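Read the structure below first, then the notes.
For reference, chains read A, B, C and D in written order, and residue numbers begin at 1 within each chain.
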Amino acid sequence: MEAFSDGVLAIIITIMVLEFKVPEDHDWGALVELGPKILSYIFSFVYVGIYWNNHHHLLHMVRNMSGRLMWLNLLLLFWLSLVPFTTAWMGESHFAGTPTALYGIILMLAAFAYWLLQRAIIKQHTSDSAFVMAVGRDIKGKISPFLYLIAILTAYVSPWISGFFFVLVAVIWFVPDKRIEHALRSR
Amino acid sequence: MEAFSDGVLAIIITIMVLEFKVPEDHDWGALVELGPKILSYIFSFVYVGIYWNNHHHLLHMVRNMSGRLMWLNLLLLFWLSLVPFTTAWMGESHFAGTPTALYGIILMLAAFAYWLLQRAIIKQHTSDSAFVMAVGRDIKGKISPFLYLIAILTAYVSPWISGFFFVLVAVIWFVPDKRIEHALRSR
Amino acid sequence: MEAFSDGVLAIIITIMVLEFKVPEDHDWGALVELGPKILSYIFSFVYVGIYWNNHHHLLHMVRNMSGRLMWLNLLLLFWLSLVPFTTAWMGESHFAGTPTALYGIILMLAAFAYWLLQRAIIKQHTSDSAFVMAVGRDIKGKISPFLYLIAILTAYVSPWISGFFFVLVAVIWFVPDKRIEHALRSR
Amino acid sequence: MEAFSDGVLAIIITIMVLEFKVPEDHDWGALVELGPKILSYIFSFVYVGIYWNNHHHLLHMVRNMSGRLMWLNLLLLFWLSLVPFTTAWMGESHFAGTPTALYGIILMLAAFAYWLLQRAIIKQHTSDSAFVMAVGRDIKGKISPFLYLIAILTAYVSPWISGFFFVLVAVIWFVPDKRIEHALRSR
C-alpha cells in the first residue's frame, strides 16, 4: 500500500511542474509572469510533502491491512490527486477568490480523509499504546479544519489573508509528529 | 512484478487529472462545465482503485513467477492504460453513446484479462487450497461481463441507464474479496 | 536500481497514452483516425514489456552493483525514454519512411545498450556458471541487430515489410529467456 | 524515503521527453530543428542520472530517518523538479543567455541542497567512520559551486563556454564516489 501511495504522491508532486508552460520570451521578465504559478507550486509542494511525511509515519502503525483501510487511503489520494488542478487554477488566476477557495476546500477534504484513515488505524491499537496516546488529543487535527475554513472564506476578501492561514496550517504540520516518530522507535 | 504494476496503476490514476484543463473563468460556473469530466474521473478512479485492490491480493497468491504470468499481467495493464483516454473522451462528450460504449468495452476487456490472470494463478494451487476454494465459484467474475454488456448496449439509449450498470459492477467489486483476504491470512 | 528502472519503464509505457488526443467527434469513425497511433502504441507497449520482462530477469543476476553498471542501465533507459516520442511520430505520420526508420534506430540503440549491460553482468560470473552458459551463445542478441537494420532500411520501401521485421524481433524476444529463468531458480 | 525519491527522479527524467512535440514534417530535417531540445535533454538526463546515482549511495549511509532529513531530501527534490521546466526553456530558446543562466542557478541550488543533506547525514556518524573520512574533504562539493557560477555568468557571453563548464561539473561527478561505495561495502 505504501509503494502505491508513494508512487501517486511522487507523480502528483511532479506533474504540477507540467503546468509551467515554457515562456516565449527569453528574459527574466518571462519568469515574473510565471510568479503566481511558481508561488502556487511551492505551496502545494510543501503541502504534499507534509502529507507524504506524515502518511509515511502513519502507515507504519498499521497492524493489519483491511479493505476498509485501503479505501480510506484511496479517498485521501483522490483529494490529493485534485491538488495539481487546483494549484494550476489558483496560480493561473493570480489567486482569485473562487480558485483559492477551491484550493482550500480540496485541502480540507484531504485533511478529513487523513483524519478518517488515522482513526481507523487507531482502532487497531489498544487505547494505552504509545501510538494512540501520541495522536490521542490530536490538537493539530482539531485546529486545522477551522484554519482551512477561515482561509476559504477570506479567499474572497484578500489572497494575502487567505494565504496567511494556508501558511499557518503548513507550519503547524511541517514538523513531523515527534511523538509518532518516538512511538515508532520505542516499539 | 507488483512494483511495476503498482507504478503503472499509480500513473494511470494520476495522469487522468491532466485532462482537467485549467478553466479561463475564475468562478464556480467554470467548474460546472468540468462536471462531466469530474464525474467521469471519479468513475475511473474507483474502477482503477478496485483493480489495484484486488490485483494486490491476487498477486500475493502467485507461487512462481513465469513469463506467461508476466504477459497476462501486462495484458491487464494494457487495457487499463487505455482507461485515461476513454475516461477523457466519455467526459468530453458528456457521456455520448459511442464514447460511453467504448469505456465499457475497455473495462470488459480489462476484466477478461484479469480473469485470465486469475485462472493462471489458480492453476499453481491445488484444487483444495483455501485460495482456489475462495475464488472457485467466482460469481462476481461470471456476472460482470453481462453487466458490462448491458452497460455498453444501453450507452446508446441513455447515459443514466448505462451509468447505473457501471455503478452496479463497481459496487459488486468494491468490497475486496474477504475470502482471499482470509485465505491469505490463514496461510 | 530495479525500483528506479521499473519506475522509468512504468512511466514510459503509460505516458505514451497521453499522445491519444481526445477526438472532437463522438463516433467510431474518430477511432479509425486514431488507428495508426493505436497500432504504433501496441507495438511500443509490447517492446517495452519485453524489455521490462528480460531486464527484470537480468538484474537478478547482478552480483555487485558498480557505478559502471548503473550508467549502462541509465544508457538503456535513455534510449527507451525516447520511445514515446518516436512512437508518436511514427503513428502521427501513418508509418512514413523517416519516422519508422528512426523508431527502428532507437530500438536498435536500446538493444545495443542492453547487450552492453548484459556483457558487464556476465563478467561478474565465472564462465561455467549456469547464467553465463544460458546467455552464452546469445543467438537472439546476435540476430536482432540485423533484423532491426532490415526494418530500418525497408521503412522507406513499405511500412508493411518494415513492420513485419519489427514483429519478428518482438516474437523472438517475446518468450522470456527460459534458460535465465531456469538458472535463476536453480541457484 | 528512497522509494519516494526514486519515484520522483524517475518521473522527472521521463516527463522531460514530453517536451519533444511531434514534428509536423516527416523527414530528418524535422529532427534537426529539435536539435537544441535533444541536446538540452541529454544534459539533464545525465545530471539527474548523476543525482540518482550519488543520492542512492548517500541514502544508504542514513542511520536514523528524522523529519529534518526528510525535509532536506524534499528540498533537493524541489530544485530537481524544476529541471524539466528549465531544460525545456533552455532548449526552446536555443541556449539563450537567461534560460541557460537559470538552468545553472537551479542546478547550483540542487547542489546546495544535496550538500546540506550530506552534511546532516555525516552528523549521524562518528568523525572517524569510513564514510565521514570518505566525503570529509569533499573536493567535488567545494569546486562545483564555482564552476556553476562561471557557467551561469558565461551564459550571457557564449552558450559554448557555459556549456563547457556544465559538462565539466558533470564529468567530475560522473564517476560515483568510489570511496562511499567502498565504505558501504566494508561496513
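The rule we apply is simple: contacts are C-beta pairs under 8 Å (C-beta built on N, C-alpha and C of every residue); 3 or more make two chains touch, one makes a residue touch a chain.
Everything quoted here is computed from the prediction, not taken from an experiment.
J.: Report the chain whose CA-based centre is farthest from the CA-based centre of subunit B.
T.: So the farthest one, by centre of C-alpha atoms, is D.
J.: What's the call on subunit C versus subunit D, same or different interface residues, using the half cut on shared numbers?
T.: Mostly different residues.
J.: Rounded to the nearest 5 degrees, what is the angle of the rotation that puts subunit B onto subunit C, matching CA atoms?
T.: 90
J.: Hey, how far is the Cα centre of subunit A from the one of subunit D, in Å?
T.: Once rounded, the distance between the two centres reads 27 Å.
J.: Could you state the distance in Å from the CA-based centre of subunit B to that of subunit D?
T.: Between these chains, centre-to-centre, one finds 38 Å.
J.: So which bits of subunit C are touching at least two other chains?
T.: 3, 7, 11, 15, 18
J.: Which stretch or stretches of subunit B touch subunit A in the complex?
T.: 2-3, 6-7, 9-11, 13-15, 17-18, 20, 22-23, 26-28, 30-31, 42, 45, 49, 52-53, 56, 174-176, 178, 181, 185
J.: Under the touch definition given earlier, write down the residues of subunit D that touch subunit A in their complex.
T.: 1, 3-4, 7-8, 11-12, 15, 18-19, 64, 66-67, 70-71, 74, 77-78, 81-82, 84-85, 88-89, 92-93, 96-99, 102
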